[in-house]
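Presented below are the structures under discussion, each in the form of structure tokens.
Note that chain A is present in both complexes that follow, paired respectively with chain B and with chain C.
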Partner chain A sequence: MKRNKFKRLAATIGGAVVALGTALSPAMAQETLVIGTISALNGPGSEWGRGVDAGTRIAVAEINAKGGLVVGDTTYMIEVKSYDDGYKPAEGVAAATRLIEQDGVKFILGPLGSASALAVKPIFEEEGVLALMNSYSPKTLANNPKYVYRVLPTTTEYVNQIVGWVKENNPDLSNVAVISPNDQTGWDSQKMQVQAYGDAGFEIVGKELFERSSVDFQSIITRLMATSPDIIELDTTPPSTAGLIIRQARELGFEGLFVKIGGPGVPAIVEAAGKEFAEGTIVYAAADTSAEKYQWMEEEYAKIYSPPMNAFNVFFYDAAHLLFASMQKAGTVTDPDAVRDTLVTMTPFEGAQGALVWGGMENYGNNNQLIGPTFIGMISDGEEKIIGRVEAN
Partner chain B sequence: MLQLLIQILMNGLMMGLVYIMMALGFTLIFGIMRIVNFAHGEFYMLGAMAVMLLFSTLGINYFAAVLLAAIIVAVIGMVIERLLLRQFVGRELNGMIMTLAIAITLKAGATIIFGPQEMSIPRPVSGVTNIAGILIPNDRMLVGAIAIAILVLFYFFLRYARAGLAMRAVAQDWEAAALQGIRPQRIYLLSFGIGCALAGLAGALMAPIYTVSPFIGEVPMLKAFIVVILGGLGSLPGAVVGGLLLGVVEAGVATFINTTVATMVSFALVVVILLFRPAGLMGQSR
Partner chain C sequence: MKTWKILAGLVLAVALVAWPFFVENRFLIHIATMVCMYALLALSMNLMLRIGQLSLAHGAIMGIGAYTSALVMMSLGFPFAVGFLLSGVVGGLVSLIIGPILLRIRGVYFVLLTFAFGEIVLLTFIEWVDVFGGVNGIFGVPRAQIFGFVLKDKALSYLMALAMAAGGFFLLRAIYRSEFGAIMETLEDDEDLARSLGVNAMAYRLAVFVLSGAMAGFAGGFYASYFTFVSPGAFNFWAAVNLIVINVLGGIASPIGVILGAAILVPLPELFRDAVQYQVLFYGLALIVFLKFMPDGLYGLIGKIRGKRNDR
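The block that comes next holds the complex of A and B.
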């Protein structure tokens, strides 16, 4: 009897020692890794902004569901701190400062939008915080940034190919008017559009800028109509706003072609324009929405935000996976320099839509631009149909 | 060229009518309660949200949905007036801060309930009417016609209805009005409700034409503010004149130059009015 009691006591103590040893063993340590996202979660452009946050969160949920991110001897459960910059530089700076100062974050996805991206770039560079962001401004990658990388192909990467495709398939059209938002994003992207359309042999008959808060475009369209455009290029106009422009232009008698070689967002365009008016619009598609992986991502997105998901989600999903893979290979989650040095060697990296590579030397003087395949879509019966694929520059 | 000018004029008049509906409520509330209602844009947003739920989600007839939306917004406004604003009548600064707090709360509440994204509502009417080359979208024409009908109704209400006369009396001198047996508190409640209903009506009418989100009230609020400064804070005829003036000037400058300059010009007008005629085009100095 005594012997049995002793055995039980020994077993209990032994179990406790093993458990304690396990808990203290560095090989099994579990910690939390906090990363940040900055993007517009409200207002115009938030269709894209939520893609930054949700894309990151879907990748994080995938890793956490598998038990966490194993880096060296430690397993990290990943936590995402999200801040809304409303597409505004001042709020982007506030978000970046809070992430760095208060939350102690060293890795950030976002912001998205040139105004905000250019405002926070010096902060990331000075603080040594690794940022995977998007902005349509070439200035994002100017002066060889050490900590700023761009994870979406921008107008620079695909505008010539898509404009070339438009010219080839619509040889009778010659006059183009470009409408863009009146901010850094719009100024830079409009410049590229004008250049590309000009190079392809089109004549630019109008260049319009509008405030992002605008919802009424009758005046702009009335003026544009006087210049008889064959094509209205909607550039980086947010999708809902693009839908409003399409609707109002059709109502005022525009019968030409709409092209949108800027941020994607067909569901929001169709919702705002109406199926009938949106029909035939040529769009930069960003991703093949019919792909199985894309549809899986849409289901995951619906668990975080109200659908529809924007294709930008895919890029930040890929970027987050690329970042985590780099951390694993570098063996650290605290040293942005070491992670960055590994990050740049990680491509070709298999993303959700195909192989991704670092590039951009010709355009920016460095290879901080992540490049992948680009798609051309057409709105048909309210849906986006992929009608072409081009390899980005 | 003449055709273009007429098209611009029509664009401006259509916008002006919506501005008037926003500004009328805004200036009515100020004229009677001396409260600068910074939540006015949020009542516009509530009207749009209400019509989205009633018409788009529940499938109620559009015209009934617009009417119901205006009533719902009026009731919300009256509850807010009774609970939060009554004590600030005549205290302009405190009232202004309270309405700012209400605006932020309503916007945040709408974001929590409806989400931050922009939503679209199916349009009850579509198509375009072509009058001698001048194109007017039918939905805007409908909004314009309803806005004119409401303005006329509102005019007769203020001129001939007992409640309307009482509102004018309180606006002129609430103490003298009280001596005549008018209960100013009831008039405050009524005028705040009507002011909010007008904003809600504007939102409900414009919802199918634009997009709907918790943030759509910001621009109409700004326009209402410009209109009442132009026309004279507290002046109802001033709101009509200011609204039409702003609509036409904006449309003209935006068409011939661009929208950024149009915004600058509308504020430049405000500056000129404040410098040379601080009471506005039709307002009276107190």
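The block that comes next holds the complex of A and C.
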């Protein structure tokens, strides 16, 4: 009997202590924070688009697994609303309008792709919704947007760094020939490459444009070889076409160096050129695929989408973490202006691949471009091997 | 009965005009705006289908209207009213120029020719970068303005799209009920008969093509100012295919069918948007189901139901 009384007393005291403790501890309410992603999740280009969504989701899962995002006195479990825009501007507008109006989202990652990005940009600016997006068009950052930030580098951001690295590591090479696709992408990127190689002290001995449907490059290569280039820069040539050019040039006796700065895609290059001919080609690498963090991300990606993971995933993973860190520092998840004002002060920010900084003033008139380390790869035994790294500054 | 119909029509008209001011959901208003814009486009395609000619150039003609409006406002500095007016005029004018060449051919060859024309237009938008901005298109197209009011408010844009769709609907209804409409039908059913009765078949076909092109051009002019951005990708041949699907789903036989088709098909992907990866799959399956069980479209289904009731 006595023992029972003691038990009751102990339970009462214990209960009172717990209740008192709860009452005295700071109130930690738990709520849900909804953010949105817009990208191509089906059809052509979805291998890139899924990187936007999966990168964001991996970052969110990481935070939720740790108990949520603590902002002030509130802990938020983060929920991601993902909508497919199929790279189409009208779909992008529908997705953005739905996220803002139906889902009440104030922070969006994406879209990816110029047409969709440019179509939704006015909506984000008018509605005051903070967007971390990607688009290769320089118009994305035109007119000093207040709510639109670009989180992926374009050729503008890394061409000078890679060309500088090539010059530093190959001081004996001087003549460069550039081959690019005969369309707006190729015209713009070729201009950039010519400028960068010229600035680095190389002499441009040849510039060629080809139709994207071409498979026979012998006449172009013969013409270029007559100018004795030390380097053939493959620019924004699609990876499989770049492989064909490498193969045909090697078969015609070109012994110089191939460089491909415009866009990643080593497996397709190797497949088209063959291991032997592709050997030694210098490429832009969006990420260090051998890094432990990258491989962990690939495993996490496989839980969301079918592999292989695209390197774009890394950029949006970092962007999501940067956004959440900005919310925490700003102390709000409802005021995009306050989060934006904090976001721009958050760099250098330690991303998955290294330090990230805001930049772009020289090219766009504002610092709305996120810049990370640039990786230089070399094709070795059919694989991409990271041989150089240039930090963002 | 007639009074009842007029009353119902009036109530419907008032409801269509007034709802965005009570339902303050801009996403719904956006979808309704798209329904109206696509309804106008689908009506323009309906004109062609009624003379038995399936055009794959309508996406491109819409694009011509969109780029015309954008360039007239941005490069020449004219106000929206002029840009919008010219979008329809140029759409019609282009149809007037290419019509005599394309309309001489019928059947699958006409389809292929219109496809080729659409591709030429698209390539021109892409390759002539200085004028059309290339693949990136033209960004920052001014918003629509009516009597000095900028249509930033989605409800006002919706009203403009609604007026366009209603205008297109009543125009087609009037045409189909007129002698012109009867001749159009004869052109599809038996052109030789029409000719034997002294009908200048080519002139009628051309008139229909020009009107259809002008309507598509107006829709393009609206598109440019609504999205404030034009790029070639939006005007490829899939745009024309969507218009054909709307017509088939709704029913080619009547403009009401076309409106119903647009009202169902345009919001349909939104129903499946939450399905993310499977959105396109569900959309495709829904289309198959619709076409399987409603071969004459919604309008045909309504007709069948009415017929059954009358039989009882």
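The criterion applied here is as follows: the second predicted complex is superposed on the first by the 231 of 393 C-alpha atoms of A that agree within 3 Å, B and C clash if a C-alpha of one lies under 4 Å from a C-alpha of the other, contacts with A are read in each partner's own complex, and residues count from 1 in each chain.
Everything that follows uses one rule, which is that a residue touches a chain if its C-beta (ideal position, glycine included) is under 8 Å from a C-beta of that chain, and two chains touch if they have at least 3 such contacts.
Remember, predicted model here, so these are calculated numbers, not experimental data.
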Once the structures are superposed on A, label A:183 by its partner contacts, choosing first (chain B), second (chain C), both or neither.
second
With the two structures laid over each other on chain A, which partner does A:252 touch: chain B (first), chain C (second), both, or neither?
first
For A:41, is the partner it touches chain B (first), chain C (second), both, or none of the two (neither)?
both
Which of chain B and chain C A:219 touches, first, second, both or neither:
first
Which holds for A:82: it touches chain B only (first), chain C only (second), both, or neither?
second
Taking the superposition as given, does A:102 touch the first partner, chain B, the second, chain C, both, or neither?
second
A:157 in the overlay: touching chain B, chain C, both, or neither? Say first, second, both or neither.
neither
Touching partner for A:119 - first (chain B), second (chain C), both, neither
second
Chain A residues where the chain B and chain C footprints coincide 41-43
Can you tell me which positions in chain B touch chain A when the two form their complex?
4, 7-8, 11, 14-15, 111, 115-120, 123, 126, 128, 135, 137, 210-211, 213-216, 218-219, 250-251, 254-256, 258-260, 262-263
Sort out for me which residues of chain A touch chain B in the complex.
41-44, 46-47, 50, 182, 208-211, 213-216, 218-220, 222-223, 226, 240, 243-244, 248, 251-253, 268, 271-272, 274, 305-306
Contact set on chain A toward chain C in their complex
41-43, 82-84, 86-91, 93-95, 97-98, 100-102, 114-115, 118-119, 121-122, 126, 137, 139, 142-143, 183-185, 187
Chain A partner contacts - residues on chain C that touch it in the complex
25-28, 30-31, 34, 126-127, 129, 134-137, 139-140, 152, 227-229, 231, 233-234, 269-270, 273, 276-277, 279-280
